[in-house]
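We just call them A, B, C, D and E in the order they show up, numbering each chain from 1.
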Amino acid sequence: MRVPNSELLTLVDVTKRFGTTQALSPTSLSIERGSFVSIVGPSGCGKSTLFNILSGLLLPDGGEVAVGGKSVVGSTGHAGYMLQKDLLVPWRTVLGNITLGAALTGRVTEEDRRQATSFATRYGLGDFLRHYPGSLSGGMRQRVALMRTLALNTELLLLDEPFGALDAQTRFEMQQWLLSVWRDSQRTVLFITHDVDEAVFLSDRVLVMSPRPGRIVDDVEVAITRPRTLATLTETDFTTIKARILRQLHRDAESLS
Amino acid sequence: MRVPNSELLTLVDVTKRFGTTQALSPTSLSIERGSFVSIVGPSGCGKSTLFNILSGLLLPDGGEVAVGGKSVVGSTGHAGYMLQKDLLVPWRTVLGNITLGAALTGRVTEEDRRQATSFATRYGLGDFLRHYPGSLSGGMRQRVALMRTLALNTELLLLDEPFGALDAQTRFEMQQWLLSVWRDSQRTVLFITHDVDEAVFLSDRVLVMSPRPGRIVDDVEVAITRPRTLATLTETDFTTIKARILRQLHRDAESLS
Amino acid sequence: STVSGASAQLTTVNFVYDFPGPDMEITPIVAAQQQGYFASQGLKVNIIFPPDTSTSSQMLTTGAANIGFITTSDMAVAVQAKAPLLSVANYSMSNNWGLFAKPGSKLTLANLKGKKLFSWGDTWTNAMLPFVVKKAGLKMSDITVVTASNDMPLLLAGKIDWTTSTSNYGVPGIFGATGKNPVAITGAAAGVPNVPVWVYATTKSYASAHASVVKAFLKAVLEGTKYASAHQSAAAAAFTKAYPKSGYTAAYNKLGWSLTVPLLTNAKGKYFVQTDAQWSLLNQGLVATKQIKTAPTPSTYYSNAYLPAQ
Amino acid sequence: MNRFKIFRNLVVPVISFSALIGLWELIILWGHVQGYLAPTPLAAWEAISSNWSTLWPLTSWTIKETVWGFGAGAVIGILFGVLMSKLRFLQRSLYPVLVVTQAVPIVAIASPLVLLMGFNLGPKVVIVAWIVFFPVTVNVLDGLNHVDHDLITLARVLGARPWRTFFLIEVPATITPLFSGLKIGATYAVTGAVIGEMAASSGQSLALYQHTQIGQLNSAGVYGTTILMTAIGMSWFLLMITLEHLCTPWLRRSVARRWSRGARTLDNTYVVKGAK
Amino acid sequence: MNRFKIFRNLVVPVISFSALIGLWELIILWGHVQGYLAPTPLAAWEAISSNWSTLWPLTSWTIKETVWGFGAGAVIGILFGVLMSKLRFLQRSLYPVLVVTQAVPIVAIASPLVLLMGFNLGPKVVIVAWIVFFPVTVNVLDGLNHVDHDLITLARVLGARPWRTFFLIEVPATITPLFSGLKIGATYAVTGAVIGEMAASSGQSLALYQHTQIGQLNSAGVYGTTILMTAIGMSWFLLMITLEHLCTPWLRRSVARRWSRGARTLDNTYVVKGAK
C-alpha cells in the first residue's frame, strides 16, 4: 500500500435535496492525494449526486467542497469526471475523442495531440488513432473514454461505474489496466461501483453508503498488498473485508432465507 | 441439496458453427430433473448458442438433444426460454404479458388467465395486473418476464443472464425470489451468468465453458446446504468453489500483476 | 424628341395581358413595338403576363401595370368590387364567342340537353352560357358544365361535347389538331348579346394623371393594329418570332390572327369606339347570372375621350 | 400536472392563432389595403358564414374526396410498407420508383389523369392517395424494419403461429410511425384534392368557387375558401392525433382501462381491488 | 461485399425503371392509345431532345427557382428548428402554426403571393421555401430534442464554452435527421416551383410551356416536360444523398480519411503506420 502524502479533497457537511427527495444527507469526507477510493451503495443512494457536486455540475444545498485547499463549489474543470456510459462521440476519431476536452474549451494544440497520441500508444490503441469509435470493442471504448478524462490533466479523477457494461473477463482486464494507469499517472481516483469484489480489489479504501437519504455508514481500509492477483479474490483478508461490506449493504436483507 | 430423481435433458456431441466461426465444439451433457445448473464462461464462448439450440431456435450442425428421452432437435415449445433483456411488450398489461405465450399460439383461455393471476398474486404483483410495463421497476419487469416463461408450463427453464441489468441490491432480491419460485414449481433450471458469485450461490452445479470454440471445461458440484444466506458468500466452502471456477475462467490472465 | 437620342426620356408603360402567356391577340402590340410606333410616341412598353386569367384587373389597381387588356366582363366585375377601372378602348367590336365541337359532329342547339359543356370558369363564360341555354329552350340544370385547365384534349378524347371559345381561338385550335374546321355556333346564332369581348383598360387615376400617355399609347396601338391588319402574314410571323417559345405554331398564329382582323372594326370601319349599348347589354348578362348586384350606368365603365383620331 | 399540460397544449396554440389573426387585421387596417386586394379576418369569416348554404355542399364534396383519397392512400401506403418490409427485393426495386413518384410535380399529371378518368371523384381520389401513400409507406416500412428483433425472437421462443407475431408484435410496434405517416398525409390531403379540383371539376367544387371569387375580385371569398380548405386539412390532422391517442393507451396511462386490450380479457373474478 | 452492395443499389433501381418504361411502351402499343392522349417513351424523349434549345433556358430558370427556394427553405427550416429547440415557449406556440401553414393548399395562395411579389423569382422562391422548410424544421427540432442528454452533460463536465457544445456535439448529432428533412424537401421542391410558375410566369416557364403543349395536344411535349421537372427534383434528391454521405463518414468508414475532421488535425509526426 502506498503512503498518502497529503489531503487532496475535503468535503464538509455537503447536502443535496431534489424537491422532497433528500438525495444526500450531510456528508463529510477527506481523500488523500494519490489514493484510490471506491464508493459502494444501493441504487439511488446519492453516489452520482455526490460526484455531480464534486465535479461542479450540481450546486450543493449546503456545505463546503475543497480541492487542494481551495473551495470549488459550483465551478467545473478541477476534476476529470467519467460517466458510466463511455459516451464517445461517434463522429470524432479516437484522437478526436481524446482531445475533445481541449476542443470544447479552446483550440486543440500540437501539445494536446502529442499527449493524446502518447496515451493511446502507451495503452495499446496506437494503431487506432484515426479510427471512429464505431469500430472499437467495448473495452477499447472504455479505455478511450478514460484517456479523454486523463487528458484533462486534473489531479482528481471521478469514475462513475466505468465498467458496469462490460462482461466479467473484459472487466477484469480493464481493472488491471486502470490500476496500471493509476500507478503511472499518480492521480487520485474516486470510483463508484456496485460490485463489492471490484471495490475491494481496486482500492486503498472503500466507502459504504446507506440507502436514501444517502450518507457514508462505513469507511473500510483495504490493507492488502499490491500488486493484487486473481488469487487475492479468494484470500481470507479479502473475504473478511468483503463480508463486512456486504453486511453493511444488505442490513435489511439479512434475514432472507 | 435435493436428490435428483432422473435425467431430464441429454446432449450428445452437439456442435455449431457460423460461417468460419466454430461457436460450439462438440458438447455432451446431461441435466437431472429438478436441478439448478449454472453456466459461466467468457463472452462469445457459445453459451447463448447452446441455449438457442436447446430451445429449438437454432439447428445444431450435428449431435443429439433429448428432453425426457425424446429428441427435440429443431422443435420449439419443450423449454421456457427467457432472454437477457426482459422483453416485455409495452402495449400489453402485466396480465397480457404473462399470457402472451398463449395468445401467440392459440386463444387465451380462462384457465390461462387464472394461472397468470395466481402467479402474479403469489409473487407480489397482484396489484399490478392491469398495469402497463412502462410503470414497473426493473425488478418487477424481470419478475413478469419470468412468470411469462413459467406460464408456458414446461419442465425445463432456460434463463440467459436474467439479472445482468439489475443493480446489486435488486439482483440479490431477485436471486432469492428465483430460488423460491424454483422451489415452489419443481422446475429444472439452466442459468447463464457472468457473475461467479451468483452462479455458485444459486446452483447445484456450475458448468464452466472455455473461450471460443466453446466447450465445457469444468463441471463443479456445489455441495452447500440450502437455504443459503448472505453469510454463505464469504464462507470457506463457497470461496473454495469460487476460486476453482475463477481459476478456470482466467487461465490466460493468471499471470497478470 | 428624337427616337435615337433620347431613350432616357421615354415614358415607361407596363402593359398587362389577360392571359398568363403570349398568344396571337397581342399581335397589334408586337407590331407597334417592332415598327417603332411606341417609341415615336415617346413610350417604352413592357408586356407582362398575369398569374391567371382573373388577376389582370387587380394588377392595374395595385399599379403593377398601367394599361391592360381584359375582358369586358372582368372590367364590369372589377368596377362592382369598387376597383376604380376605366375602359379606354374596345379591342374587338363584336361578340364572336360561342360553342365549338369536333369536326363532323352532329351537335346543334336542338340536341343540347344533357350535353357536357366546357367552361374556363371565368366571368365571361359564366355570363354568356345562360343566353345559350335560353336560346336552346333549356335551363342550366339541363346541361353539365365542366371546368378544367385545358379543353382541347378533353374535346378530342370525347370527354366533353362542346367547348366554349371565341372563333379566332376555337377555329385554329381545332383546325391545328384535326386539320378540319370545327362545328361552331357563335354570336347571334348562339343567342348571346353583341358585346365586344376585350377592351383596353386603365385606372381612373392613371387616366387622369397621365392622359397624354394613354392617348399616345392608343395612338401607337391604332397604328400597330392597322399595320397588322394590312400585313397579316408579316405581323403574325413577327409575333411568332417575338415569342418563339409561346408553344403555338406559326400556322396557328397566322390563322388566328387572320380570323381576328375582321373583328377589330365596327360597321363603319372604325376601331376602338365604345358605346353605351354594349355596356348595358353586358350589365344585363352579369346581373342575370348574379355576378354583379347592381347595374351601373354605362358611362361609369368607359370613356372614348382618349381615342386617337381615325 | 397533467391538467396543466392539457391546458397548456390547448391554450398556447389558441393564443398564437389569435395573435396571428390580430396581426392580419392590423396589417390590413394600417396598410390601408383595399378590400378587393385582401380582406380583414372578419370579412373572410363573413364570406364563409353568409355563404354557408352555397359552401357547405362544396365543402362536403371536398371532404368526400379526401375521405376516399386518404383512405385509399392509407391502405395502399400500409400495403406497400408491409410488402416491402417482408420482401426485400421489392423494397430494393420499388423504393426508388416510389421516391420518383413523389418528385413528379403532381400539378403536371393532373391533366392526363382527368383525361383518363373524367371529372368526378376519380382523379381527385388518385391525386390525394398519390400524396398520402408515400409518407405512410416510408414510415410503416421504417417502423417494421426497426421492430426490436429480440421481440420477434421472443415470439418464436414462445412458439408463435404464423401471422400471430405480425398482429400481436409487429403491428402494435409500428403504430407510432404509422400515425406519423398518417399525420403528414392528412396535412397534405386537401392540397391534393384542391389540385384535383383545379385540374377538372364538373359542376361545383371549392377550388372552382375560389376561382370564381378570384374572377370577381372578392378577396374575402378567396381567403374564406382557403380558410375552409385549411380547416378540412387540420380536421384530418386532429382526427389522426385523436386516433393515435386512442390506439396507444400504454404511452400515456400506467393502468389499462377496463375495456382496453388485455384488460378486456380480464374476468371479473380477477379484477384486482388495490389497482391504482 | 461493399462493391456488391453499391452495384446492387445502383443496378436494381435501373432495372426497375427500365421495366417501368418498357411497361409504358407496351401499354401504349397494345392499348392503341392515340398520340394526342399519351406518347410512347421514345416520343416523350424526342420531345425533350429535339426542343432542347427551347427547353434548356426554361429548365435552367426552374433550377434557379429551386436553388433559391430550396436554399431559403433549408436555412429557414434550420433556423426555426434550432430556435424552437432552444426556446421552449417558441416551440409550443409556433409549432401548431407551422402545421397549419402546411395544411393550407399552396395552390390556393399562389395568386395572392403573385399580387404581393410580382412575377419574377419572388413568389416561386417563397412557395418552394414554404414547402421545403417544414420537413427540415420538424426533423432538426426532433433531432436536437433527442440529442443524447448525457453527451451534453459530458460537454459540461469537460468545461465546454458556450456554443462549442452546440457546434461540436449537437450539430453533428443532428446531421442524419437534418438530411432526412432535406431529402423530403428536395423531393417536393420542384412541385413548389411548378405551382409557382403556373401562378405567375412572366412569359416563359416550364409550367407555361407544358400548359401550351396541353393546348396543342402535344402529349409527347407534356410528358417530356413532366419528365424534365421530375428529373430536376430527383437531381436535388441525389445531391442531398451525396452530401449526406460526405458529411457522415463515420457511419460508413471505420478509419477517418486523411483530410477529414479529426484526422485533419493529425500532425504528420503522428500518422500511424499500421492503421488499416
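Things to note:
Going forward, a contact is a pair of C-beta atoms (placed from the backbone, for glycine too) under 8 Å apart; a residue touches a chain by one contact, two chains touch by 3 or more.
Treat the numbers as computed from the prediction; the structure is a model and nothing was measured.
Common neighbours of chain B and chain D under the contact definition above are absent. Counted as hops between touching chains, the shortest connection from chain A to chain D is 2. Comparing mean CA positions across the assembly, the chain most remote from chain A is C. Here C-E and A-E were compared by C-beta pairs in contact; the pair with more is A-E. In terms of their C-alpha centroids, the spacing between chain A and chain E amounts to 48 Å. Distance between chain B and chain E, defined via averaged C-alpha coordinates, is recorded as 52 Å.
Averaged C-alpha coordinates put the centre of chain C at 43 Å from the centre of chain D.
Computed centre separation for the pair chain A/chain B is 33 angstrom, with centres defined by C-alpha atoms.
Among the residues of chain D, those in touch with two or more other chains are 37, 111, 115, 198, 214.
Annotation for chain C: residues touching 2 or more other chains are 52, 55, 58, 62, 149-150, 153, 157.
Shown are all chain pairs that touch, namely A-B, A-E, B-D, C-D, C-E, D-E. Across the complex, chain C is touched by residues 34-37, 110-111, 114-115, 118-119, 198-203, 208, 211-212, 214-218 of chain D.
On chain B, the positions that touch chain D within their shared complex are 55, 57, 76-77, 81, 83, 85, 87, 89-93, 95-96, 99-101, 103-106, 108, 110, 113-114, 117, 126-135, 148, 152.
For chain C in complex with chain E, the residues that touch the partner chain are 20-22, 47-52, 55, 58-59, 62, 64, 149-150, 152-153, 156-157, 173, 176-177, 243-249, 252.
On chain E, the positions that touch chain D within their shared complex are 8-9, 12-13, 15-17, 20, 37-38, 89, 92-94, 96-97, 99-100, 102-109, 111-112, 115, 187-188, 190-191, 193-195, 198, 207, 210, 214, 219, 222-223, 225-226, 229-230, 233-234, 237.
Per the touch definition, chain E reaches chain A in the complex via residues 148, 150-151, 153-161, 164-165, 168-169, 172, 175, 248-251, 253-256, 261-263, 265-267, 270, 272, 274-276.
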